[in-house]
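Here subunit A shows up in two complexes: once beside subunit B, once beside subunit C.
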Partner chain A sequence: MTLLRARQLTKRFGGHAAVDRLDLSIEAGEIRCLIGPNGAGKSTALALLAGSLSPSAGAIYFDGSEISNVAAHDRAKRGISIKFQLPSVFPELSVRQNLKIALSRRYLGSELDDRIDETLDLVELSDQRGKLARVLSHGQKQWLEFGLAISLKPRLLLLDEPTAGMTPEETERTGELVLRLNRSGVTVVAVEHDMQFVRQIARTVSVLHLGTVFSEGRLNDVLANEDVKKIYFGEAPRHG
Partner chain B sequence: MRSVLRLLEGDQTIGRGLPFWGLMSLLFAGALAFGVTAGSFAVENCSYFLVWVFMALGLAFMWGLGGTMSFGQTAFFGIGGYCYAILSTNWGVESGLTMAAALLSLAAVALSAAVLGYFVFFGGINGVLVSITTLAVTLGLETFLSQTAGPKWAIGRAELGGFNGISSMPPLTVPWHGDNVEITGRSLYFGLIIFVAITYLALRILANSKVGDAMVAVRESPLRAEALGYDVKAILFVGFVVGSVLAGLSGLLYAGWGQYISPDTMGLSAAALPIIWVAVSGKDLTATMVGTVVLLGLSQALAIYGSQYALVSLALILVVSIMGCPKGVFETLLRRIDSIGGPGDQNSKPVRKSSLDRSEVLL
Partner chain C sequence: MTQVELIALAYQFGLAVAFLILSAAGLAVIFGMMGIVNMAHGELIMIGAYGTSIANRHGLPLVLAALCGVLASTATGVLLERTVIRRFYDRPSESLVMTWAIGLFISQAALIVFGPSLPSISSPLGSVAFGGFSLSIYGLLLIAFGLAVPVAIYLLLSTTTFGLHARATMQNVEVARAIGINSGSVYSATFALGAGLAGLAGALYAPTMSAVPNMGGSFIVQAFVTVVTGGGNLVYGTLPAAAGLGLVQTALTAVFGNLVGVLGLLAAVIVSAKLFPNGLAHRLSGKRFS
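Moving on to the complex of A and B:
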């Protein structure tokens, strides 16, 4: 079953099309990585899917319904959650308060406390619960951001460079967490540069170039593609 | 009911546990005792201080909690005061009509705040532009009302009076056994004390509820708040209307207290005052409530005893206070007391291991 579909999705900034007639189809239960060189439109595409940006043209369908003009907060309520590229945690609140604000939409009282503890445990921040989010290390902020994103129990989790700034060990643990989430039924779309991470989590990758899908398939097949190799070095043929 | 009362304490308010509530009870009892024992001038003077507390609490709510710094508090103060003055002048005091005038004035404030808030927040204005827009509205209203001198500027029997404003409207009254009892002097003071306490407690509950969580989320990161499913514009709008209605409440109580309202209550200096009270006190509700009364008392004492140096002395005290305690004098003080008192907040509690498997719970 197709959970998410983008049809001819376009985002222009002035005369520049950051995302240009993008067609993308994600099956329920899938882990899809979007890869491509810098400026390919990956993060913009993710922001369009999450509703942080509104499209200039084209349409987005989630679970059969068009959501192109649905506000970001309503998309979140429908089950789309995003982890941003730069951590967007609540800096002046403690780690626990960050999670409380995210989880209090669904839980109350002692159940809320339980869920906060479970999430802290899951993202390995139990020892940091009283610290202000702004004093956390970059990697810890990334994990807290992860905690915020998964607190909504999303059906579709959008990850924008989830391992940026993480150590190899943290990256591997993030991969394990993503796989565990996926096994529980969460569909994942991740923008990522770290091929080790991509190899760990994804069966299918989409290569974006000039704002549209350039190539799609298994990671090894895609990376073996001579045209894909060229776009990483800026030699690919331009779309008409 | 118990779950509501539990919200009196929480992450969004300072103060928890017996020591804090004991201190607040003492403060409340002391204020009541003052009303019984002090002279009538001192009591009326304190009523004047209390009148402004609602406006300051409203600003602490929308600014401290939601991050919206509004210069419009005095505009809504003026709307509340003028509406009460016009309605009560026309209707008189019979059959509790002053109370009806007060309620209608609040409704007018809520409506005007909703209209302004709608265009501001749903029109995409945010950050410092909200402050500039609300300041423009305040000054525009002051300018307009200042030129309403003469008989042509009258609504029924109420002449708007230009710079002089409206005076001699009736005070608040309540019908009692066929008579109308004026709420002035000590009765006004006791009424205000109880009303301030109720407003303070209600705001604490609101701040620690889901509404408060949403406002804090929007203040800290609108992008993340939206991604968590919070409707940022609607939340900013609600905070603005609640804060503005409290400013309007101050306005109508001021008109009822002094039976006078004029455009200078909406001038630039007047618009800056609530911001100074909240900034110097700290944006917490308790700090603002206590700090506003203390700062008003200090300002008045300096005006009486400080001759021509009063304003300079006050400015100096405010600057030193803000430099010494950037988070507010009273908030800093309260946090110190809180760290000695309460049972400790949940930020530092030991990790409880749930019987449920963590992946089972979350995934």
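Moving on to the complex of A and C:
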């Protein structure tokens, strides 16, 4: 079953199309990585899917319904969750309060406390629960944001460079977390540069170039493609 | 100095601090939480006073009339936020000019609709004599409100779901939206809260001054100097700033008269701005905003 579909999705900034007639189809239960060189439109595409940006043209469908003009907070309620590129948490709230905000939308009382504890354990921040989020390390902030994103029990989790700034060890643990979430039924779309991480989590990758899908398939097949190599080394063939 | 003189001075100090706090509370909430410098703050105070005065003149007891004044300014705040202010959230300079224009419009509209002044309300509750000095009970009530308002706002922001959502939205609006918080509603509610606090100031001081279209001017200087000195945090900023400035003003007024008291207040603001350019709140808690 197709969970998410983008049709001819376009985002223009002035005269420049950061995302240009993008067609993308994500099956329920899939882990899809969007890869491509800097400026390919990956993060913009993710922001369009999450509702942080409004499309200039085209349409987005989630679970069969068009959500192109649905506000970001309503997309979150429908089950679309995003983890941003830079660690985006609430810096002047404690780690526990950060999670409480997200979880209090679904749970109350002692169940809320239980879920907060459970999520703290999952993202390995139980020892940091009372600290202000701003004093956490970069990796811990990334994991706290993971906690925020998964608190919503999303059906679709959008990850924008989830391992940026992480050590190889943290990256691997993040990959394990993503796989665990996926096994529990969460569909994942991740923008990522770290090919080790992509290899760890993804079965299918889409290569974005000039704001649209240039190539799609298994990672090894895609990376073996001569045209894709040219994209990464800056000799990209242009779309007609 | 006799004990009576000391109590009289403490009373004057309490009145000065309460006036600074109540004048500044709405401005501090809107600036501290939203980063908007609301130049129409004085006019929202005026609406609170007008609502109180008109409702009281139509037979409502003062408490209910004051509630009408607060509701009038809150409703005006909601209307302004929905129609104008929300278009200027990421443009502070434009929002400053826009709210200034709105303030002019409101005061002129009040002049056209209600004339140059409204009949005054008599000050309630009487007074108590204290060793030859008379203390207004209503003045004591104003002092109590001056202390209660920052505490109430602090509790609202730190213990309620609305407060948590509001603080989250102000700290990172993109993440707040991503976890399902309706940031538009939070902004509306926060602006309405600030407008309601402005209305509360107008309602509380309606029995103590003439209700005229430009009466907001009596509050706005004190409101701005308090917020500039303290920063946008009510407890860590507005409260200590009002206490410090109130102390300077009361002491100088007692010795040298009203003019020197006001000049001393402004001088204290300049010194404070030089010593604590990010506001007292930043100095005391590391937080510039709420």
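To be clear about the criterion, the second predicted complex is superposed on the first by the 240 of 240 C-alpha atoms of A that agree within 3 Å, B and C clash if a C-alpha of one lies under 4 Å from a C-alpha of the other, contacts with A are read in each partner's own complex, and residues count from 1 in each chain.
Methods note: contacts are C-beta pairs under 8 Å (C-beta built on N, C-alpha and C of every residue); 3 or more make two chains touch, one makes a residue touch a chain.
Nothing here was measured: the structure is a model prediction, and the numbers come from that model.
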Fit or clash - subunit C, subunit B, common subunit A: clash
First, second, both or neither for A:Arg129, with subunit B first and subunit C second: first
Touched partner set for A:Ser104, first subunit B, second subunit C, both or neither: both
Touched partner set for A:Ile31, first subunit B, second subunit C, both or neither: neither
Partner contacting more residues of subunit A (subunit B vs subunit C): B
Contacts of A:Val178 with subunit B and subunit C, given as first, second, both or neither: neither
Which of subunit B and subunit C A:Asp114 touches, first, second, both or neither: first
Partner chain in contact with A:Ala76 - subunit B first, subunit C second, else both or neither: both
Touched partner set for A:Ser88, first subunit B, second subunit C, both or neither: both
On subunit A, the residue positions that both subunit B and subunit C contact, one per complex: 50-52, 71-74, 76-77, 81-82, 84, 88-93, 97, 100-102, 104-105, 148-149, 151-152
Interfacial residue positions of subunit C with respect to subunit A in the complex: 161, 164-165, 167-168, 171-172, 174-183, 287
Subunit A to subunit B touching residues, read off their complex: 50-52, 71-74, 76-77, 81-82, 84, 88-97, 100-102, 104-105, 108-109, 113-115, 117-122, 126, 129-130, 148-153, 180-181, 183-186
Subunit C partner contacts - residues on subunit A that touch it in the complex: 50-52, 71-74, 76-77, 81-82, 84, 88-93, 97, 100-102, 104-105, 145, 148-149, 151-152
Footprint of subunit A on subunit B - complex, ascending: 3, 11, 210, 213-214, 216-217, 220-221, 223-224, 226-232, 346-348, 351-354, 356, 358-359, 361-363
